[in-house]
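Shared between the two complexes below is chain A, which has chain B as its partner in the first and chain C in the second.
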Partner chain A sequence: MIAALHRNPLAVIATLAVSGALLWLMAHLVTVKPGVLFWISVLVLWALVWIGNDALSGISTLSPVATRFRNLAVPAIFGLTLLLLWQLVVKGFGISPVFLPAPSDIWVRFSTSFATLKADFIQTFLRAVLAGWAIGSLAGFLVAILCDAWGFLRRGLLPLGNLFAALPIVGVAPIMVMWFGFDWQSKAAVVVIMTFFPMLVNAVTGLEASGHLERDLMRSYGASYFDTLIKLRLPAAMPFIFNALKINSTLALIGAIVAEFFGTPIVGMGFRISTEVARFSLDMVWAEIAVAAIAGSAFYGLIARKQGERGDVQHEEISDGRGGDRGIDGWNGLGLCRGGDDPAQMGDAGPVCRLLRG
Partner chain B sequence: MTLVATASRPSLPAALAAGSTLPVAIIVLITIVIWYAAAVPMNKVLTQPLIDAAGGGLLNTLSISWSLPRPVLPAPHQVLAELWNTVFTVEPWRPRSLLYHCWVTLSSTLLGFVLGTILGVALAIAIIHVKALNRSLLPWIIASQTIPILAIAPMIIVVLGSIGLTGLLPKSLISMYLCFFPVTIGMVKGLTSPDPMQLDLMRTYNASTSQVLWKLRWPSAVPFLFTSLKVAIAIALVGAIVAELPTGAQAGIGARLLNGSYYGQTQQIWGALVAAAVMSSGLVWLVGFIERRVARAMGAET
Partner chain C sequence: MSFIGPSGCGKTTLLRVIADLEQATDGVISVNDMTPNEARRKRAYGYVFQAPALYPWRTIERNVGLPLEIMGFGATERARRIQLNLDLVNLNGFEKKFPWQLSGGMQQRVSIARALAFDPKLLLMDEPFGALDEIVRDKLNQQLLELWGRTRKTVVFVTHSIPEAVFLSSRIVVMSPRPGRIIDVIETNFPKNRTLDIRETPEFLQVAHRVREGLRQGHSYDD
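Coming up: the complex of A and B.
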């Protein structure tokens, strides 16, 4: 049956559509403690969706456009199935919303508390995150230029930058709250410190990325330091700088939210999460998390897209192991870059994924 | 040959200046000087009446600014004194001791790190062997990291607490959640790093899937594993610290930070920060140390 599916895209789509729709219907109709037959049919439908999705991922006779669509659809179907199962399990087993609210409840809460969520979003994201991210990244970039011009500073600051990038910097939040007050300025300050070092380390590395040949050429043109910087070395550094901007976008959101645990005015995403948790209204917490996830992904995606528009093909190559000389002693040619490029927090596994897809 | 080497060896000061030791030392020194200088204006709000009462003067200003019990910015020696008092003058099992709090945080960090590494490696092995998982699970794992997981930390702690799960395990679960991702990504890359030629050779040997895994894929993945582990252990510590914030802050580095913040104990906050920094760099160094030993044992060029 699976082999037959592989040869017939239409059958795959039909299987997915029918089993998905039935699963959707069941998630809508489910009541507390349904019979065994119900759960068996859920499992069967889930298996069908799974097989369909597997077949979809295996179809190799697609046009490039369809392939791109397919590569988006496979994880999306997986995610939607997970949401449906979440809904089915929570409702079917009558799990208390104090433990885990159903996606439908979270959605209801999301739409009814939209005004609160919006105010929190403005306070945390539009004020603290964006300001801190911009100031921190800019400061890191400017210091990187200074480091580049003055080798002594680079040799002194870069090891410290690498050290700081691994430290739990978010711990400075209580100090910043003490210095800059309860409002968003203190959160922005935490974000500034968190985003400074990744940008510094990446930009310094990027400024060294242009080849000797190109630099020699610029010298033979009689180009000044600034000409070389602006026309050759900054463009060569752009993939690294964008990489740092992406890392910083995720760091900034986490930093601002966690910093709010240490004291805020009565608005903000971190404040809302900590107070609603204390009141056991987890649907609101999940709604806030959804906002954070959407905002974070959109922010990240926007920067990645700007980078894409610049046509930085170098990027993949770099995060695929050109950072080999950084932090990987003894091993030859290693994948993940160290020193601020914290893949766990940056979530930047796009290149890895693309690599795996071939 | 030896002569040339001796002749071209630079003098000690020159060698220091060319390396990064001297620049780092100078920058650290400058930072300390700026730190001391900044303590004067930053503490001015608190010190002004005291200085006026003491009759002013530079000496009074400095000594008062650098010895406040609850300064806005403590001087470096005050932080050191705080560390000395909380590390060496109290028995390490007392809640007043910083070592006690370090151990609380460290134990959940390490448990989470071990669990996260096991989960990460298991996921990676599953992903490279099952094609459907590769396409459907991996993007979802990546998507899971777009959720600022540290923000959920309070919720996980409270929810697990409501079903009677308290203490070490909930905190470790947060560290685990943070840890497994870099390990999975690194290991998927590492396990797929052998080139087709080597895989073909294994096929000509009629090697089974598990033989390919243990004799080819795993050894090639070890360097990737260690790079991921260095990242993972650092964030495991961050996870453990943040997870300590909502638990009513009884013990741990996070609790020290929160308590210090509540009661305006600046020196306690700084002491906890230094402890966190020392633990973080120590753990990363330890993983690096094991990495070098393993590399040597496996015959890597150093």
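Coming up: the complex of A and C.
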């Protein structure tokens, strides 16, 4: 059945649309303790969506635009199905909203408390997270350059850095509140402490990452330390630096939220989570979690996207055989122009691959 | 001039000492009447490594322009020299490509253009075509010879291929390993505008035979 669907994109879309719409309808109409027939039809519809999505992810004869759209649609359908099942189970079994609120309740809470959520987001994310992330990463990077220029610092400071990284955030946060006050500055300070070390270690490793031929080349030009740093070692360190920025984006959000548990003005995502838990309004807690998840993955995705635009990353992905991610298949990793020195198949990856496929 | 010998006889080390990338334990090396260190600081030589060693984050033109940036050439002069040297290695039209979009042979030609870009008197080449297949290697040998004819630079070439050494050189130095020593120095008298066809001539085979004899003599110390 799936094989038959593979060859017929229209049938796939129709299957998904009909079974998805029915599942949506059932999630809307569900009341407490529906009959066995209800649950059986839920399972059948779920299976149909599953099969449809599987077939959708396997269609290979698509234009580049359609492929991009498909790559977004498959995880979106997967996630929406999970939300519908969540809704069905919570409502159908009459689960207490304190234990687990239904997505519809969380959504209602989200839209009615939007002003509060927005204020919390500004306080925690736009102030503490972004400022702390930027300061911590920049400081880690600058110290890495100092460590690199000065061997004593590397040997003396890096081992201590391990100690720094092992500091428990729940111990540091109250101290930072004592030092920098209740407002976002103390949260940013916690974030600085959390993000400093990953950047330091990654940047120091990255600065060592250039190959010896590349460094010999610079030496053969009689290049100065700064020339070598700017034109070779920093570009070669960029993959490591980007990785640290990505790790730090996640750490920063966790740090800022947890730090708010230890004293804050009456605004902020961490503050809201801790007080709303105490008041048993778990729907608000889930709404905050949703905001944090969306903001965190958007932040991470933005950095990863910036990284993916770099030519050397593309090069690495393609030579690792992950060219499929960029629409490049059937490449043996020896060179995009195959047949030795023949320029006939030379060019940008896309056209060349189409050429190779015939 | 070519250095030929089996692995481990010190061809590459000798080249690296000339380039001041390594220190000699003993003896004096003079590079066009300078010490290797002076020669390096005066940017008197261009070095072509075993691998192209192109920077993957730079386009072809910016790779060729790299030494020019470091040596402080202006933007218009840089552009002129990049164009000139990409023409020399038959790679115009590839300025905006990244290294990974080029084949191995093309990448090595880019690295030759890069070594020539700042017009050094001396070109040091360390098995530049060692990683390439026979067909591409023949083609590049022919092109290198034409390049040599046009630029009239001194080329010091390290190889472990006998036909390559005989075809390219006006003087061949045969070396042996453990301890590294020079077995033979052979002068050749092939015409300047020779083509790959001369590899079938008796004169060519005679020189190749002498090189092989030298290498065999060096190896007998091993047994």
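As a convention for this text, the second predicted complex is superposed on the first by the 289 of 358 C-alpha atoms of A that agree within 3 Å, B and C clash if a C-alpha of one lies under 4 Å from a C-alpha of the other, contacts with A are read in each partner's own complex, and residues count from 1 in each chain.
Please note the rule applied: a contact is a pair of C-beta atoms (placed from the backbone, for glycine too) under 8 Å apart; a residue touches a chain by one contact, two chains touch by 3 or more.
If you're wondering where the values come from, they're calculated on a predicted model, not measured in any experiment.
Shared-chain residue A:E214: touches chain C; no touch with chain B.
In the superposed model, A:A293 makes contact with chain B only, not with chain C.
Using the contact criterion defined above for the overlaid structures, shared-chain residue A:L232 touches chain C, although it does not reach chain B. Within the superposed three-chain arrangement, the count of touched residues of chain A is higher for B, of the candidates chain B and chain C. In the superposition on chain A, A:A278 makes contact with chain B only, while chain C stays out of contact range. By the document's definition of touching, of the two partners only chain C reaches A:G222; chain B does not. Once chain A of one complex is fitted onto chain A of the other, the partner contacts of A:W179 are limited to chain B, with no touch recorded for chain C.
Once the two complexes are overlaid on chain A, the chain A residues touched by chain B in the first and by chain C in the second are 334-336, 338, 342-343, 347, 349. By the touch criterion stated above, chain A contacts chain B in their complex at residues 50, 53-54, 57-58, 74-75, 77-79, 82, 98-100, 152-160, 163, 166-168, 170-175, 177-179, 250, 253-254, 257-258, 261-263, 269-270, 273-274, 277-278, 280, 282, 285, 288-289, 292-293, 296-297, 300, 327-332, 334-336, 338, 342-345, 347, 349-350, 352-353, 355-357.
On chain B, the positions that touch chain A within their shared complex are 17, 19-20, 22-28, 42, 72-73, 131-132, 134-140, 142-143, 145-148, 150-152, 154-155, 158-159, 162-163, 178-179, 181-182, 185-186, 188-190, 192-193, 223-224, 226-228, 230-232, 234-235, 237-238, 241-242, 245-246, 253, 257-258, 260-261, 264, 266, 269-270, 272-273, 276-277, 280-281, 284, 288, 291-292, 295-296, 300-302. Every residue of chain A that touches chain C in the complex is listed here, in rising order: 211, 213-214, 216-223, 227, 231-232, 235, 238, 310-312, 314-315, 318-319, 334-338, 340-343, 346-349. Note for the complex: chain C touches chain A at residues 19-21, 40-43, 45-47, 49-51, 53, 55-57, 59, 66-67, 69-71, 94, 97-106, 133, 135-136, 139.
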